[in-house]
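Structure provided below as structure tokens; questions to follow.
Chain lettering (A, B, C and D) follows the sequence in which the chains are written, and residue indices restart at 1 in each chain.
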Amino acid sequence: MNVKHYIAERAAKELKDGDIVNLGIGIPTLVADHIPENIQVFLHSENGILGVGPTPEQEHVDKDLVNAGKLPVTVVEGSSFFDSASSFAMIRGGHVTVSILGVLQIDEKGRIANWAVPGKSVLGVGGAMDLLEGSKKVIVTTMHTTDKGESKIVKESTYPITSERAVDLIITDLAVFSVKQDGLHLIELAPGISLKEVQEKTEAPFQIADSIINGTEVTV
Amino acid sequence: MNVKHYIAERAAKELKDGDIVNLGIGIPTLVADHIPENIQVFLHSENGILGVGPTPEQEHVDKDLVNAGKLPVTVVEGSSFFDSASSFAMIRGGHVTVSILGVLQIDEKGRIANWAVPGKSVLGVGGAMDLLEGSKKVIVTTMHTTDKGESKIVKESTYPITSERAVDLIITDLAVFSVKQDGLHLIELAPGISLKEVQEKTEAPFQIADSIINGTEVTV
Amino acid sequence: MGKLITCEEAVKKIDSGSRIMVGGFGLVGCPLSLVDALADSEVKDLEIISNNLGEPGRGLGVLVRQKRVKKAIGSYFTSNPEVVKAFQDKELEVEVVPQGTMSEAIRAGGAGLGGFYTPVSVGTKIAENKEERILNGKKYVFQEPIKADFALIKAKKADTLGNLIYNKSARNFNPMMATAADTVIAEVDEIVESGQISPEEIVTPHLYVDFIVLSGGN
Amino acid sequence: MGKLITCEEAVKKIDSGSRIMVGGFGLVGCPLSLVDALADSEVKDLEIISNNLGEPGRGLGVLVRQKRVKKAIGSYFTSNPEVVKAFQDKELEVEVVPQGTMSEAIRAGGAGLGGFYTPVSVGTKIAENKEERILNGKKYVFQEPIKADFALIKAKKADTLGNLIYNKSARNFNPMMATAADTVIAEVDEIVESGQISPEEIVTPHLYVDFIVLSGGN
């Protein structure tokens, strides 16, 4: 399986029956393909849809029906449409259960940067800050390192942060970290990945769950 | 004609084609019966209706369709229903053209009291303050004096005011006053009413329009 | 998902001392079956957020008569003389908020805002203890958001997921209250299959609704 | 009432230097016929409030290419490289507002509020010049309402009075913008007789709509 799909599949396992889920652009979008069959979740799109369905065949594309990435979508049974103010009231008001977002960097406190590049003028933020602030739970899905091999999980972010709010879970191609009050906790290694590799490729300090130290950690 | 209907009819003459109109309880409610046939106005009810129609016959009463006075109403063609927050957003946002309200007292600046009695605890305000604050134009319809013969148009209100905002026009059974920056201006006498009577029954000071002084004032 | 429960099961979730929003403009749009079930329960010391407190012995007026209401927040209580009497007898605490400010504050509660500035009530007795601020040359008062432990609302129709539509002027405070409480229980006249209400017509999307009860059901 | 006019008549009402809200999320729900008519007019120095500025040479992107836009307020301009270039060349002033804060600020403008506190953007670069305040132990930033001289919006259907309904995700910013401008011009695909849209379904009541134009009409 493609490594991005591996990350998406792992993230999908965090979802529970009845969850209201907002998926960001990139790997998060792929999560929709991996939702376990025994649960029903509802995809929220901040441009005003609850109940986003699969991508339509070319001949069924409706120009008035797109997701927040401006890509054509469909809707499922029981869906609803609403205006942007109502949509963000849902997000900011804590009515979205889980948001799964992409990132540029994550700092040692679990705060993320995913909207702006340092030194450049800011010309776009979209709904990133709203989702991070308002969602009950935030999961980050990302490649562990940049294309240049640099750790994306850093002591201090070199990019402007998106929110003071830390995310709850970080899922990469190498590992899963839980974010707690005292920082990052490595709770899971991807299949075939060693603790040593994660330690080498992670700039930020992190604690290691007992299950991994004892070698009893089992990949889900 | 009943004197209250006279006041209501006079108020109805202030309305213009296309106006969005909110009618308070009491004499204002009667205005609906006197809207000139050559204009179309739309009645707004703050409990969530645009396009209120006449009172239904008993057998057509719908318990879910009432006005802000909790009395059964109907709706006209092109009406719409909305929630209370949306309804008051219309009012506060200046989208209601004219509100016609009843009063307990009016002070010399044209500020009204119509919600509370002095010395007593306040147990109700409803939408009175919102309507007074937000409506583009506010017309007051009232008997000139109380049942005891005391002037309702006073120098200083003995009742708590409803808003710092002065009303625009005061229509009583005796006269019509326009409210300007410098206070009240008597602009019209009711048929058969003398300037002297209005002067005797009005506690607040007011200026007199030239047309009345010259005797050229013609009742509409 | 199974959001459908009985009125009795619904009120069992509510403890004494709870802060409860109840929809309706007087009796219109008030979830009367849920209120009746509350009246048959043992809960007391309730804080009720509702535009009014019903009529004597009707709607929320029943709870007033039973002395189950400790405090009421609303815009107009004068229409129920028993509320006035309970207040005078110091059995009931009352907080009066202008109707537009109240509906906006409930919306703000559901929308995660920290508060807002409204021009309504500036310079009046109601604003006496409120923060006043001049913005762009105009006076405003600060209003905090209003939230609750429970919202008991009334809709015309639900689908099985919990999407709601309302009936005429019975809509009033219900859609905002659906957004502003930890647990939202909707009383409806009819339940249809999911997909039977047009996505364009849905007023309250299902994410706001925790439980559904049928009017007259028990 | 006669709210129906042509796109040409509509844009004649707009002077250079106007502050204009334009509906849409990208091209979806953008009143493209009105934007085209603006492109054919002589107006310039416009201040545009819209989530984006279209795509290169499409939608509002046409006005950017024609250098008619002096300032833009929105949430995401990066998707049009010509906007980025115009900004770098100092031909275009840009103000970025988080999407939820922007939609709420437009709603607040239409609702007569003086501003509100939102937790979104606290502690970020975007909040650097904003008033921060702690309310009930949580940090918020103050946001002023957003209003405009004109709103150009897109709906699916109008009745002759000006009541509007929208289509799917093309609703987005349009209903709020309809409330927050001095003059509101709605571009629609279809006009029906008054009474042909259910009172329960109407999203924008006619009191918000000053003029109606037909999509593709001129």
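Operating definition for what follows: contacts are C-beta pairs under 8 Å (C-beta built on N, C-alpha and C of every residue); 3 or more make two chains touch, one makes a residue touch a chain.
From a predicted model like this one, the values you see are computed outputs, not experimental measurements.
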item: Any chain that touches subunit D and subunit B; value: C
item: Pair joined by the larger number of C-beta contacts - A-D, A-C; value: A-D
item: Computed distance of Cα centres, subunit B from subunit A, in Å; value: 56
item: Cα-centroid distance, subunit A relative to subunit D, in whole angstrom; value: 30
item: Gap in Å, rounded to a whole number, between the CA centres of subunit D and subunit C; value: 33
item: Cα-centroid distance, subunit A relative to subunit C, in whole angstrom; value: 35
item: Contacts with two or more other chains, residues of subunit A listed in rising order; value: 75, 81-82, 88-89, 91-92, 133-134
item: Per-residue multi-chain contacts in subunit D, two or more chains; value: 104, 107, 111-113, 118-119, 166-168, 199-200
item: Chain contact topology (line, ring, star, complete or other); value: other
item: All chain pairs that touch each other; value: A-C, A-D, B-C, B-D, C-D
item: Contact set on subunit C toward subunit D in their complex; value: 104, 108, 111-119, 133, 135-136, 138, 140, 144, 165-168, 199-201
item: Touch list for subunit B against partner subunit C, complex; value: 45-49, 62-67, 70, 75, 81-85, 87-89, 91-92, 116, 121-130, 133-134, 160-164
item: Subunit D residues within the subunit A interface of the complex; value: 25-29, 51, 75-79, 83-84, 87-88, 94, 96-101, 103-104, 106-107, 118-126, 139, 166-176, 203
item: Subunit C - residues contacting subunit A, complex; value: 1, 107, 109-113, 159-161, 163, 179-180, 194-195, 199-200, 202, 205-208
item: Footprint of subunit D on subunit B - complex, ascending; value: 17-18, 20, 40, 42, 44, 50-51, 75, 77-82, 88-96, 133-134
